[in-house]
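Would you mind keeping the following structure in view while I ask a few things?
Read from first to last, the chains carry the letters A, B, C and D; within each, the first residue is number 1.
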Amino acid sequence: MSTLLEIENVQSGYGEVQILWGVTLKMEQGRLTCLVGANGAGKTTLLRTVMGLLPAKQGAVRFDGQNVTKTSPHERARAGMAMVPEGRQLFTDLSVLENLEMGATPNHARAAMKQNLEWTFELFPRLKERTNQIAGTLSGGEQQMLAIARGLMAQPRVLMFDEPSLGLSPLFTLNLFQIIRKLKERGLTMLLVEQNVQMALAISDYAYVMNHGKIEIEGEARKVRELESVRKAYLGA
Amino acid sequence: MSHKHFRMIGLGVLWSLLIILVAACAAPASAPQPAQSGASTKPIVIGFTASQTGKLNVESKKQIQGMQLWLDDVKKAGGIKLADGTMVMPDIKFYDDESTTERVQALYTKLINEDNVDFLISPYSSGLAKAAAVVSEQNGKVMLTTGAADDATMEQGFKSTYQLYTPASRYLAGAVDLLGQMDPALKKIAIVHEKDSFSTSVANAANEYAKSKGYDVVLFEGYDTGTTDFSPFINKITAASPDAIMGGGHFQDGTTLAKQLYEKQVPVKFVALLVAPPEPKFVEIGDAANGIIGPSQWEPLVKYSPESASAANLPWYGPTVANFVSAYKAKYNEDPSYHAAGGYAAGLLLQKAIEDSGSLDAAKVQAALDKMDLLTFYGHVKFSTDAKTHGKQDAHSMVYMQWQKGADGKFVSQIVFPPEAKSADAQLRK
Amino acid sequence: MKTTATESRAVVGTRFGERIRLNLQPFYWLMLALILLAAFIPIVTGSSNLREQLFLVLMAVILASSVNIIMGYTGYVSFGHIVFFGIGGYIAFFLMLNYQVHLVPAALVAGIAASGLALLIGIPVLRLRGAYFALATIGINEAVRSFVNNFEPFGGSVGMFFNVQVFEAYGGSRNALWLAYYGIVAVALLTVTASYLIKRSKFGLGLMAIREDQDAAQVLGINPTRYKVAAYTISALFPALAGAIFFFKNGIIEPAPAFNLTASIVSLVAVMLGGFGTVAGPIIGGVVYDRLREFLLTSSIFSSLHVAIAGVLLLLIVLFVPAGLIGELRRRIPILRRFIE
Amino acid sequence: MNLEALLASGIDGLMLGFVYGIAAMGLTLIFGVMRVINLAHGPIIALGMFSVYLLTNQLGLNPYLAIPITVLLGLAFGMVMYFVAVNRVINEPELTTLLATFAVSLIIIGLGTVAFTTTPRALDVNLGALRSGQITVLGTKAVAVLIAILVAAGLYALLYRTRVGKSIRAVANNRSAAEIMGINTRGILAFSFGLGTALAATAGGLIATLFAFTILSGGTFELKSFVIVVLGGLGNPTGALVGGILLGLLEGVFTIFIPVGWVPVIEYVIFVLILLVRPNGLFGART
């Protein structure tokens, strides 16, 4: 098994406020890794730094053996990194189809857009019904589907989810985790940042627990779930 | 290149520019005038501001060119001779006023106090000239205004300000007379003008004059300075069915108005517009220029001559029209416009006043200007000595030019009025 | 990301100012003394040349400092602030010409009238935010300009002018020009004092809270409308006074120079150049910009290229020193934050 | 009231409105995509005029052939201007970009005055006219309207039918999301800026075939563009075209009803009132 995405001792933050204090994290090809932690632990900051939306003050981000620390987000996206950002960040003025087209911006995705569109619609039949609807008028759950679908249209080599269940009804959340499981079965490498620690640990292969801008615990998700400290802090037991 | 590098380079450029500026500031701001040393030559400086930038740049530039030609001529002649035999060698010093009043007073103060100019010429346009006059009057400097035609400006009790241009009130009076002469049956005039100070003054005066002559002013309206499309307005003019259209404003609107009157085939017999038609560039609008009449302070075809001077019992001074035109063409490779002639004339009349008074003393030169009554290539010049209107131009008259298509299909600017100056008969538009 | 950085800096700066409020007094007196000192040079030397130059400098300072109150402190970019300069000029000129009112009362009436107008239009217009407000102020300036251009009592497009005789009442045009100079010095001191007092007061803190986050300011119990309108009303007073004096001195007023949008933008440039939202910034910016422009204008080396050169300089400053001269100084040498407001 | 004059002026105003619309589309496109009010808009319109004028008079091109070249020149100019003057400050507060573009306008005006002086130029283009009573439809105006419609349709097709156009809308809508989709947002911003200036230059080129102009002539159209943009809704190109037509129509009709000097007063009062009452434009699209 090879490492696809590697984050090494990354420090980052906003302006003069530092949030990440040296984070190291590895994602293996074909596996679902999850990152959990309390609010304000720096999970979103980490994802933004990995994607390049925030510059890393120190440390390195390596994707597929290449150091991408200095590259811009769109270059990382073109290299095969994709992200389903927190709060969906849809193009609310564009139609559903246009959102999906925009997802398929990297060259390889553009070439395979037709097939990808087909299986994405298979995955999300609701979106197919609403192809020409303006994204901003979709319901919350539909918007989350679209955000994931848009990420998939990039035909990414690694897909990172930032709090995908935030604001979803329990039913939708269940649906969401089923979809993530399906994607895992297809062999997609994924990073899942979740507040729903229970479910995240349940479907993940490997887990990181983050606190105060640092990784506190890491290990096989199964094992992490058993840890007393984790159970106490995140699983309410 | 990284942002840091970019920033460094930018800062480098910025600082070096600033350093150059500071260094240039520290260096003597104005290079001293080359001293025309020699026992009997005395250098003097004539100062003014000009609209090198901003909307009045063209007119102002021509005026400076005219003045520069005058300077060349004086230098060629070895200077201006005073009574005591000293030769006065004039030079000019000017700053850009950007066509706005904001800095005019400061610049004239600087000219007077720092550059120690001896005499002043006004900036171009009446508004600027008025602001400058406050300063020059206060300092007791003689100022000749050229390119400033407003009447009211010259009725503010000035003592040492002299106007070269025929005042605005008389700009279109001749056009009204010409219309009557050509066809007394044409009685309906539409007066449409740019809504700025100069054009409004002209239009107001024309309106009164036309009414006093029994004309029916069917439309009297001003349009905003920024107007670019006259089509809707022309429909309104057409609806008033005038025989003649008079007015306009400056070059740009005048050109467009003429062009659109032609395009819309407005059935008027007579069109007289301010400022634009006498400019040689006006003819770029092609056939639309045909038959357009323009009041002009001066035209290359004017017939002022030493002979006409003696006939009118006036002294003649300066070059002949032909000499001026050919010298100007030789130097600038274009026909002189009336702004250029005005620039030359300003220098020339100052020269005459200095010669007459035999002195550089402001009061004496002022007295000479008060007495002045003569004919030059620029025409008849005499200043009002009435206390109320002191310095206002009394004698100079407008000529009226018309673009006429010659036999070869080329357009020629002919003088059509007054009769004693005309080079061709005026034509009514078809 | 840059935005966040600037904002946090500004917030830090404000907090800082609040903490050491009492130590800042000398700065104000120093500023005042410097302006007075400069103002006295022509009075002592009697140089009318210096007087005229300082007149323009002080006018630039007044226009920049007053627009800074609404723009720098409150965060509302008033693009057409020159409208108050024109209105002040017109009202004062009208009174002086038709009712032989002396400059001083005429200017005061004009100032109050302009402020009153700002109060009236401020209430609806200040509801707009960002670019919408900026555009509205342009619209107001143009509407007033074209209105005055048609308004015959103000001379319409011909404007109004004084007979030289008018100046006789002031002891001749020479004395009139000196009077204008004293007037502009007084207005400049007044403007700077107001600018300083506002910045240091609770009112000013409220304005800056509105600038940082209007909705949050509201939560803190600040009535944004009242604060903004008050700032706008105050900021309209000084340009009106300056306009009254300027056109008195010129002896002529016409719509185009009175409501010149470019002059409006120039004062924004001065604010940016010196430092947005500071007291000293607009002063420095006004001085530097005015002197630089005159230098370029009158220098034979740059002759007709001065407009383009001013553009290049401005661009370099905006790109590389966006915080302005004072802002950059305060950023680089933190100790100065104690002394320079 | 003369009905025929009213009709004729309405038609005249309507035709000019299309050209106004194209000019305003450039301004509003740039604002919509990157929240920048381009104060060099007017001078760029003037550059468009001179581009057509010089290509016609110096190289002897047909003016209508000079327009597509002007479009390309406008695009190139805008992209260069973006990288030189805007890119560095794109994330700064509004005032900074206002001043950056104002600086560019000073540079254009300064150099333009030196190069071209302020002597008005006029193109002598004559395409005949259709006439019926007072109503005149000039060939040049009809062609200008046609080109304006083509340009507007082209812009619409670009924005809604092509990938790059959709990317522009995506960037306008959510810049950082577009970036993580792999869209080169800097490139798209530069291209949009170029597109906006190309529209301005095109409008300038069309205006040059109709009226006399100088390097300063863009100023009027810049002010009118502000009015139009507000009528149509800031950031809404389709609205700008409709706003332009509306403004042209208003100007035409008002000219007949009231003294022509009062038309700008009405225009600006309407402008301010609309800002106050419907800041999102008459058609109240999006915020």
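To be clear about the criterion, a contact is a pair of C-beta atoms (placed from the backbone, for glycine too) under 8 Å apart; a residue touches a chain by one contact, two chains touch by 3 or more.
Just so we're clear, the structure is a prediction, and the values are computed from it rather than from any experiment.
S.K.: Hey, which chain is the most central one here, using CA centres?
M.R.: Chain nearest the overall C-alpha centroid, as shown: D.
S.K.: Comparing centres built from CA atoms, which chain ends up most distant from subunit D?
M.R.: Relative to subunit D, the chain whose C-alpha centre sits farthest away is A.
S.K.: For subunit B and subunit C, what's the span in angstrom between their mean Cα positions?
M.R.: Between these chains, centre-to-centre, one finds 36 Å.
S.K.: Indicate the whole-number Å distance between the mean C-alpha point of subunit A and the mean C-alpha point of subunit B.
M.R.: Distance between chain centres: 74 Å.
S.K.: Distance between subunit C and subunit D based on Cα centroids, please, to the nearest Å.
M.R.: From the centre of subunit C to the centre of subunit D is 32 Å.
S.K.: Check each residue of subunit D and list the ones that touch at least two other chains.
M.R.: Correct list: 88, 109-110, 113, 223, 259, 261, 264.
S.K.: Show the residues in subunit C shared as contacts by 2 or more other chains, in ascending order.
M.R.: 1, 146, 149-150, 157, 304, 306-307, 312, 319
S.K.: Can you check the complex and tell me which residues of subunit C touch subunit B?
M.R.: Contacts found on subunit C: 47-49, 51-53, 55-56, 146, 149-150, 156-159, 161-165, 167, 172-174, 177, 249-252, 254, 256-257, 260, 263, 292, 294-295, 297-301, 303-304, 306-307, 312-313, 316-317, 319-321.
S.K.: Of all residues in subunit D, which touch subunit B in the complex?
M.R.: 2, 4-5, 8-9, 12-13, 16, 88, 109-110, 113, 117-122, 124, 126, 129, 131, 134, 136, 138, 207, 210-214, 216-217, 219-221, 223, 251-253, 255-256, 259-261, 263-264
S.K.: What residues of subunit A sit close enough to touch subunit D in their complex?
M.R.: 51, 53, 72-74, 77-78, 82-83, 85, 89-94, 98, 101-103, 105-106, 109-110, 150, 154
S.K.: Report the residues of subunit D in contact with subunit C in the complex, numbered from low to high.
M.R.: It is residues 31, 35, 37, 39, 84-85, 88-89, 91-96, 98-100, 102-111, 113-114, 223, 226-227, 229-230, 234, 259, 261-262, 264-265, 267-269, 271-272, 275-276, 279 of subunit D that touch subunit C.
S.K.: Given the complex with subunit A, which residues does subunit D contribute to the contact?
M.R.: Residues 163, 166-167, 169-170, 172-174, 176-185, 286.
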